[in-house]
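Some structures to go through are shown next.
There are two complexes below, and they share subunit A, which is joined by subunit B in the first and by subunit C in the second.
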Partner chain A sequence: MAGNRAASADPDALSWYEATARQRVVALADPGSVREFLPPTERRMSPHLPLFDLPRAFDDGIVVGRATLDGKPVLIAAQEGRFMGGAFGEIHGAKLVGLLRAAIELKPAAVLILFDTGGVRLQEANAGETAIAETMRAIVDARAAGIPVIGLIGGRAGCYGGGGLIAGTCSRLAVSEGGRISVSGPEVIETNKGAEEFDSRDRALVWRTMGGKHRRLIGGADAFCADTVAAFRRAALDLIGRAPAFDLDTLEAEQARLESRIERFGDCRDATDVWARLGVNDPDSVPAMDTRAFDETVARVREANHDAR
Partner chain B sequence: MTLAEILAGLFPQGHSVQVRDGLVTGGGPFAGSKLHVVGIDGDTPLGVEGALILSRVVLDVVRAGDRAPILVAVDSDSQRMSRRDELLGLNECLAHLAKALLLADRSGHPTIGLIYGHSAAGAFIATALATRVLAALPGANPSVMDLPSVARVTKLPLDKLQEMAKSTPVFAPGIDNMVATGAVHVVLDPGKALDGQIRDLITGLQAGDDRDRLGETRGGRPVARGIAGAVIDQARLV
Partner chain C sequence: MTEWRGERNDRDARVQAGRVHADGKVVPAGSVVDLLEAILRPGDRVCLEGDNQKQADCLARGLAACDPAKIHDLHMVQSGIVLPEHLDVFETGIAKRLDYSYSGPQGARIARMLYGGQIQLGAVHTYLELFARYFVDLTPNVALIAGVSADRDGNLYTGPNTEDTPTVVEATAFKNGVVIAQVNQIVEKVPRVDIPGDRIDFVVEADTPFYVEPLFTRDPAAMTETQILIAMMAIKGIYAEYGIRRLNHGIGFGTAAIELLLPTYGEKLGLKGKIATHWALNPHPTLIPAIESGWVKQIHCFGSEVGMDRYIRERPDIFFTGADGSLRSNRAFCQTAGLYACDMFIGATLQIDLMGHSSTITQSRVAGFGGAPNMGSDPHGRRHPSDAWMKAGREGQIVGDPALMRGRKLVVQLVETFGEKLVPTFVEKLDALELARKIGLELAPVMIYADDVTHIVTEEGIANLLLCRDADDREQAIRGVAGYTEVGRGRDRAKVEELRARGIIRRPEDLGIEPLDADRALLAAKSIKDLVHWSGGLYEPPAKFRNW
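== the complex of A and B ==
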């Protein structure tokens, strides 16, 4: 499949943020182990984009397939943020749904979802939205069958809209500094509520409110990675080994965790206020921390680690 | 139909359903047993607090284990769009509500969505679209995004979009288009007794997720089912 150039990329050197979806998959998995389903050669392209005079992609902006990770069989999906912002169209969404349904039958060691999405593709909005609902149900079915579903978030498009809801349905999430997780994007909030509510040009505000470090500190993600494929690989292997069950006890614990978060931080204006209350000594220094310093900070924050997801 | 009219139709013997800050909770005697109701009324946006209030009720129902069905009645705005909601992890709260509903359905409480007004985006996904079967009443108006906003994002003229919307259900707002994609299973008849129609839906529930099959049959999502099936077929090959 995906070309030998990608296959030979050094996962320690390859930036997750800069890599394409296919490069991420190939470098993340064991060398030579990836087999793609409905690869670009099959040219399963959107039947809808031509109506809008928009270019199509041979894979509709998502790679799905199987591979091994440390010898264990996994199913992988990777969104391509460079095509239509990684957004969910009819085929894009159906490939992810099909992969998750296959997991329930094949029982792999895990399903990995490499998010890179702005949410629903508006030109195919109803199909995209429905596919997101189908994806969430299929993730729940897979988790209930004992299959960990691990989300990896560090791409250019972030993980927005329905992508954020899917991420919240996964067993575990790994995120890098550049990964952003949110429902309404900065531009959407600004367009609807004004720049006083959210100034989308204030990139530092975007990163503080939705970025990987904030999500990790409040327990919205379970691992923080440097921006390399190797770091995401290590995180994925670790998270597969400690995925919470999907049952009433887990959801009761998540209910308590989220209620407690709103009670404790509901009056905070800025992420730095939240971090201070979490016990971070110098909240203003968090955005500039390197991975090691940030890991040490996270280790002292009780709320960051839990099985309530 | 208003929520009050719906509740009167569902519960001829009376009910305990209350609406507070646009959030609907309660239940009543139904078909010889009980029907729980959660939902959103009055075009209310769904934020972190609202999502957790509804999920708390759903989890309490699952914990009690009476295996009674849960109706999710929706006339909402989209997700609440604010800096505060995103700071507090709105994606986790909305996903948590959806998971609670999906858990309830798996735990023997059939979940039935009923959209009788507006709903959009994250609020729609976390509520009505997280049920096993979704019914609508005529006049319901679900959307992902309204056409003027679609025009702004896609940079297409609004009149062209309105023309395209007539022949292309895949992107345009409205109940007919959501029926065509299979997201909405059925449109109810307001002229007939509501309790009987909901009871029939519960009796006729199918196992599994048949929304892509409906979308294929109805033509609103012509290729999704085939694509998902092809992925499964290729995944089976050694």
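== the complex of A and C ==
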């Protein structure tokens, strides 16, 4: 099928944003190294969706498995943003939690989570919320066992809701321009606070506020990649090599950093105000910058790199 | 004694009354209501310029704020019902009758008001038809128009969105009407004169720049593989086969996909220079890759498109531009070009019945037609041949003297079998008929009549209606490409196979197209940002289309 043909495509040319979850996993890992757990042939599907007369996916919208990355063993989970916006349901969440728990035994060089999610699936909200909590707990356990957990964010659905919370517990995050990280989505904010507060249809505003460039500049993400699978692979390898320690010092530093962020930027009306305060010379030019120009800008912003995200 | 100057004297009196609120021709935005109340009379025919894109919004707000006790029962004659104010005036009684063409964004409200009897509807016209009636029996008494700038003498610069303005002004100014223009600013000298000052009676400096709707931007990121498959079939099975050089595209995702496939799939088929060279088209951002790849020779535009101004300015070999460098569009001329000088119209619709009649009107939405019925009709007044036109003529005509055979315009409907929210596109009976019955319309609002449609393309295949020889052929040809809709499942399988053998229905495999090749990788641009790159940074997409 079309998916397979594109999956064999050159990772340098394959767009992360455009690719399916399975295409991302296959092109990200060393060629031929991926072994999927509970693949679609097992048909582990949502027990809840039929109640709502909704179609199910044979893999419940997530690919999990093991592979090698530059020869090192890794565990990988990839959410499929095209199935229900990559949202967490019971099976979807259980596959991710199971993978993270397996990491404690298998001791891979890292666990990679390829986020592409709008958050919890409304139709199985309790199971989904539980899955979010269990996932965060499992990530903490894995990190405590010395296994870095790296989040890669550049899919169409972004990384929202519980996905945004989980991303916050990862060791390191890589993001592309198209990727978005937040908890409440643009429409949710607009619905609750009004279009004057946040106009969800102003997509430039959405990306300025939640997009990859903003997250990278304020240090919410640790690497910025071009929208190719190859760029995400390089970023993943780099981030595995410099995962921060997981201890009380790191957590306290993170807390201190969050507090100082609110203090410094709390009165900003727009992301461009934040960037100006960070010392970006021409904040208005940031959205249009190509990857190279943006990398140079980031290099001049000191606090973009920090062990405490 | 016969009075021959009644209208003229009446016009002079209105202008005189309006002058009280003006400094020369210039009226401050704050005096709009006073000006309109001085000039308008109950029962007037009024064109409140609402085009496909450009809106005289400041004057619309002014009209809606007039006192219904003074100004009432107006007869609105305008092509677009786009702003809420366009309908507000019917709720307050300021307006009573309506003749229009298009009501996209207000389609649902207009339907409710028609059912509720708040609007007395004359007709839903095609653009050219409404423009024509401006000169015969719907000549406006007062026209409220919009431009970018004007000088104190009233010389008007419309900017790239000239659209309907010259037509509206022509009909009003030369038949004793009063023309009021809102402009974004009053200047010493306009960049170019689109409307000479002696046709404009009053100029209002608007409080905010007039609103323009970005109607023609389709985000490549939202394009599906089904749309790509349909586009591939259209290119190979219709564009290539008939050698379509001169054409018009609708605004749907299907035709946008065709635009994005020209430099990739079209190139692979060796079609560059052989198809899609001359266009009657708005400046679609999705056409940028084809333009930059040298596919397109020239484009005449109905209107402009938000964000395309700088790009157009830098491509005067392709677009019609003024001495000032900016686009000159003109809806009436471009519609005429689409009607007479194009060999094909291809666009989408919401409903198609068993004979091939189509309509964008559903029971809850009266979207109007715009230009589709003009461009999507076979012009019986055409007298110049072209290979594409003659080939279609030969396919359609089997009786009569071959020496007297004439050509046929290709009118192609490009649809997915199920539309938004899985609503079937193919229906036994158009909703338009039910609407006509409910509100008592003499003429059902059909967008394109069956006898004008030559091809229907869906993800299941192409139905060539020209080759159908009787009503049964036609019905089964339509059912045969209607997929899993009720209409599609009601097909006579043996008959459909017979039609396929006769080349009336063609499946992707009959065209040598592998459906699994329909991949987004084929799109010359996969995102709005890709379009910006193709344009060398000249295309400036509006914020709602950006994801950076």
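We adopt the following convention: the second predicted complex is superposed on the first by the 302 of 309 C-alpha atoms of A that agree within 3 Å, B and C clash if a C-alpha of one lies under 4 Å from a C-alpha of the other, contacts with A are read in each partner's own complex, and residues count from 1 in each chain.
The rule is simple: contacts are C-beta pairs under 8 Å (C-beta built on N, C-alpha and C of every residue); 3 or more make two chains touch, one makes a residue touch a chain.
Bear in mind the structure is a predicted one, so any value in this text is a computation, not a measurement.
When both complexes are overlaid on chain A, the residue A:71 reaches neither subunit B nor subunit C.
Look at A:202: by the touch rule set out above, it reaches subunit C but stays clear of subunit B.
Counted by residues of subunit A touched, the larger count belongs to B, out of subunit B and subunit C.
When the two structures are aligned on the shared chain, A:210 is found in touch with subunit B, with no touch to subunit C.
When the shared chain is aligned, subunit B comes close enough to touch A:189, but subunit C does not. Residues of subunit A touching subunit C in their complex: 1-2, 5-6, 9, 15, 17-18, 156, 177-178, 201-207, 211, 213, 287-288.
The residues of subunit A lying in touch with subunit B in their complex are 37-38, 44, 47-48, 51-52, 64, 66, 75, 90-91, 93-95, 97-99, 101-102, 105-106, 120, 122-134, 136-138, 140, 144, 161-162, 164-169, 181-184, 188-189, 191-193, 197-198, 209-210, 214-215, 218, 220, 246-248, 251-252, 254-255, 258-259, 261-262, 265-266, 268-271, 274. Contacts from subunit C toward subunit A in the complex involve residues 221, 225, 516-521, 526-527, 537, 543-548.
Those residues of subunit B whose C-beta lies close enough to touch subunit A in the complex are 48-49, 52, 55-56, 59, 62-63, 79, 81-96, 98-100, 102-103, 106-107, 121-122, 124-126, 129-130, 143-145, 149-150, 152-154, 156, 164, 168-172, 177-178, 180-183, 209, 211-212, 215, 220-232, 234-236.
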